[in-house]
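Right, one structure below, let's go through it.
The first chain written gets the first letter, and so on, giving A, B, C and D; residue counts start at 1 in each chain.
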Amino acid sequence: MQRTIKKIGVLTSGGDAPGMNAAIRSVVRTCAYHNIKCYGIYRGYEGIIDGDFVEMGPRSVKGLINKGGTMLKSARSKTFRTKEGRQLAHDNLIKAGIEALVVIGGDGSFTGSMVFNEEYNFPVMGIPGTIDNDIFGTSHTLGYDTALNTVVEVIDKIRDTASSHNRLFFVEVMGRDAGHIALNVGIGAGAEEILIPEEDLGLERLLESLRRSKQSGKSSSIVVVAEGDKIGKNVFELKDYVEENMTEYEVRVSVLGHMQRGGPPSCFDRVLASRMGVKAVESLLEGKSNYMVGIKNDVMDLTPFDQAVKGKSKINKELLRVSDIMST
Amino acid sequence: MQRTIKKIGVLTSGGDAPGMNAAIRSVVRTCAYHNIKCYGIYRGYEGIIDGDFVEMGPRSVKGLINKGGTMLKSARSKTFRTKEGRQLAHDNLIKAGIEALVVIGGDGSFTGSMVFNEEYNFPVMGIPGTIDNDIFGTSHTLGYDTALNTVVEVIDKIRDTASSHNRLFFVEVMGRDAGHIALNVGIGAGAEEILIPEEDLGLERLLESLRRSKQSGKSSSIVVVAEGDKIGKNVFELKDYVEENMTEYEVRVSVLGHMQRGGPPSCFDRVLASRMGVKAVESLLEGKSNYMVGIKNDVMDLTPFDQAVKGKSKINKELLRVSDIMST
Amino acid sequence: MQRTIKKIGVLTSGGDAPGMNAAIRSVVRTCAYHNIKCYGIYRGYEGIIDGDFVEMGPRSVKGLINKGGTMLKSARSKTFRTKEGRQLAHDNLIKAGIEALVVIGGDGSFTGSMVFNEEYNFPVMGIPGTIDNDIFGTSHTLGYDTALNTVVEVIDKIRDTASSHNRLFFVEVMGRDAGHIALNVGIGAGAEEILIPEEDLGLERLLESLRRSKQSGKSSSIVVVAEGDKIGKNVFELKDYVEENMTEYEVRVSVLGHMQRGGPPSCFDRVLASRMGVKAVESLLEGKSNYMVGIKNDVMDLTPFDQAVKGKSKINKELLRVSDIMST
Amino acid sequence: MQRTIKKIGVLTSGGDAPGMNAAIRSVVRTCAYHNIKCYGIYRGYEGIIDGDFVEMGPRSVKGLINKGGTMLKSARSKTFRTKEGRQLAHDNLIKAGIEALVVIGGDGSFTGSMVFNEEYNFPVMGIPGTIDNDIFGTSHTLGYDTALNTVVEVIDKIRDTASSHNRLFFVEVMGRDAGHIALNVGIGAGAEEILIPEEDLGLERLLESLRRSKQSGKSSSIVVVAEGDKIGKNVFELKDYVEENMTEYEVRVSVLGHMQRGGPPSCFDRVLASRMGVKAVESLLEGKSNYMVGIKNDVMDLTPFDQAVKGKSKINKELLRVSDIMST
């Protein structure tokens, strides 16, 4: 099936992630390539409700591919969660002649799109943009690869101090529900232990592991902790617990926070964003709707929104074992 | 089948690549984990012939995961290509009690291992380390992801100058036989055209594309050229050709050269190296030999050396199209 | 006066800073250049007390110039603060034949050296290594320039998120007693306000400034806060205060922490470390003692320890004004 | 004297340099702070001749402080070198109501301003922007500090390869007339030799130094060569010469080229640009003209254009000696 579309709107929603700008650029240029008008919508769904649109041509996205954040800005919209809000949104889109939407964001954003599509049969296509990589239907979300590099570079710096002073550092990284970042940067930065939401290591094993690590001649140690680690203690509580139970280490804490979200995207994220933008627009032109674009085995793929939203991306258990062996 | 091994040797061969050190570290620590002795061999096959070995324990590879280059050094060995050389090598390995080898390198290095294995039935396992990503049997070689980020960052800098002066830049990147780097950094850096060994774009189309690009309002342009591009002109000849045929642009050339090979590995390459080291050692322990470790769909995999050496990794044609659309 | 010295010891003390390794390298190579033996002393003064020395030649410091942290490790020594401790230290130095010391560290480390010199007339020379730049007698301490770049890059990333979400960020940077880092990164990162220990801006002015900033059309804002800011509220209290008194902004906090201390030194710090190492060793050879090496107007200079310790490096008031104008 | 100015124009001219955008931002915001209108002029003097002006307010320079290149673009103008061209330029400025100019550029740009000022008594103020640091009257030009860091990071990468393969690299860096970059990055990257325009090392001494370096146990070497080195051979000729006269090394060449000019400015360059912009605008308001803003001993300073143009910034001879000692 081919769908004739004259105007596509694009928005970013939820937390920002590196590669969102590259995805906007790709949507805009793919529209231009197919002679479709493209409208940028500011501040996510909020911008539809406010009618905050801007026409974008291929030159409007010049110099955008390597910029972090999102030039269209992002916001969480309470109004769009109401029936009245969505009605207003639909009216505004119709008024502006926008016939389909590309939504760049995470789980929550796709749920919004799904509901909107159900109510108004409005063509929507999603692009997964979040550093957490916690979305089902794609091996990589936009921004994840960049965040891994950002975090690994920061922990490299913390390691300089840790090993200069024979210290133990607890480093908290993003990941409320998913340990992808923690697990990969833990291995990448040579962490002694990695605490993630998916696995309950147990406090006893942590102590044991730190003791063994000390005995094996390591003078400093890094423990990477995902925000939502299963042990249920935050990094400051972990510090206290370890200091009470071990005297061998001076313990320090570092909470990396929002910096993990910013910065120029990695080459991988730039290419992925470019591919996803093309796929999203061309899928709409092929008559498809209500899907999230994903990448599987380096091939572009579509996952229905309801599956993407309900499913859960799993961590790679092999990595847990590799981490164990590496901290020998 | 289980093989009892008491000592494993590890070497790096061919051009160095980021992640080689992380792979050495992984081999050493996996050996320690399995209570096997590990010997580092200096300067590739040359070091076997010279008996240049060093025993390595888990603490010898401390602080190594984020270093570029290879601490074991690399070299091309003419002697190992001779029957006498390999005899000497075998004698030295036997004398040192080394019972299996992990070879980190590229095509040429694996051919050497294969021949050695045929002649002496000596257990060998390969880990693909080269920034070019031109090896069959793995979606990623060690160092490739890092090189993409290195190159993209450099072209971002060149872009600053290009767009400040309305210039056209030809940027030569590595890839004598494979366009993987050129194609990905071309998209990632927003290049107007990408010239690779796998595709003959033709000089006419290049000019046409540059003209269209100029007309569409672009004031500056980057053309990424792989060393072995099909057009058969090097970047300096391309510069001359374009200057003779177009007066719209001031043309400049940049040959990125060896810097593409160095630097701290990306998180992806560090994790990949760690996984490959584990897989290589454990495959030897399982009695396997004459394979290259690879990654396919994010799962560790083995490819027989002869297939790895004869095969060719293909570029992703989808990317050519994406590049075209992005330069709209 | 010329002093004949056969062996010099070098140590790092206090918090680590980028450039310390480059300074060690310089001390070692300058000794080699003058045919003097050089001993590395581990863990600061603690290592003298433990007799933890290692002989270092020009090749021992290979590949060290671009490494963060300190290979000699650092520690605070309680024992060295006692008379008995210093007696033991002196005995150990004499036993090892070490005739002079180069101490790389901060205020506290120099005080230790000064006391030691008074008691035993032992030749000592200091090199200022701390990212805070809070030492009198030098325009730059080792690590300061690197830390500025590290912090500015991180705030650039936070800015990506801040401007994508129209947020206000309080970013805490190092500087318990000195606002040098805060003031410079504040200007460098385009902060709206900068809170430092040297100036009491007042909470009212902060609110006023944020309001004006909002009215002038800024959608996001960064406020850089030195650890020891004069207002006397930490970043979390500032967040609460602003949220209670302004509803225009969503406020977030980021405490940068230890990462500010690590990483490869900037070119400036590498060159400075190299120069300081030469100056320290050659000053000892000229018979000088009890001085800190410094840089003033790009010329190497010596400041007596007691002045360096008592004095205070002042912030540049011009920068306060520039910051004000820049946040127009 | 106070001068009443209602409109200031700002332009960038000559080669681009990191920090130019930060300087533009500072000029624009300082104008806003003093309630003066500010006009951006595109493509240097060429833009005056074409009347290519844009009004800029404080929000037009948002997000500009960390961008390389120059948003106002730069060009060399042949027309402005003619009397007729300058007449046209003056007419256009008068027509637009622009009463004073801030020119960000190098020697050549200041000469243009000086002539223009002589002919029309038009108020002009210069800001030195060039990575070469070859301008008299300032210890630092905009972009110089950034370029040092860019180059040092690149040579660190080349070092990875050099030491993995026991190679000798000749690395060509920018500096046709001045060795500042070469001298500082040479020390910062641990180069064995540094060839600069100011000193004739001699080919014999180069060979001797490389031989000594080899004998002292160094397995790899980096020689940094300024474009305009005194020996008068380019890097490729040097390679040939050394290969003919030494067989100990495999020699490689790397010409860094234009990348040295781009990238986000260092913190130092951002602060310097901000300070220079304030000083330039406020000096014009104080009635001054025909000066270049500079920094001396960390204080803002003015140098008459004719001195800035005729003078020459000298290299620091101390660094030659430090380099010598460091390559022990």
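Just so we're on the same page, a contact is a pair of C-beta atoms (placed from the backbone, for glycine too) under 8 Å apart; a residue touches a chain by one contact, two chains touch by 3 or more.
These figures come from a predicted structure and were not determined experimentally.
Using the average of C-alpha coordinates as each chain's centre, D ends up farthest from subunit A. Inter-chain spacing, taken between the CA centroids of subunit A and subunit B, is 28 Å.
Centroids of subunit B and subunit C (each the mean of its C-alpha atoms) stand 39 Å apart.
The centroid of the Cα atoms in subunit A and the matching centroid in subunit C are 35 Å apart.
Among all residues of subunit C, those that touch two or more other chains are 156, 159, 163.
Taken pairwise by the contact criterion, the protein chains form one closed cycle in which every chain touches exactly two others.
Annotation, chain-chain contacts: A-B, A-C, B-D, C-D (touch as defined at the top).
Taken in their complex, subunit D has these residues touching subunit C: 25-26, 29-30, 32-33, 58-59, 62-63, 65-66, 139, 145, 148-149, 151-153, 156, 159, 163, 184-185, 187-190, 216-218, 264, 266-268, 270-271, 274-275, 278, 296-300, 316, 318-319, 321-322, 325-326, 328. The touching residues of subunit A, when paired with subunit C in their complex, are 12, 15-16, 18, 20, 67-70, 73-75, 150, 154, 156-161, 163-166, 169, 219, 252-259, 261-263.
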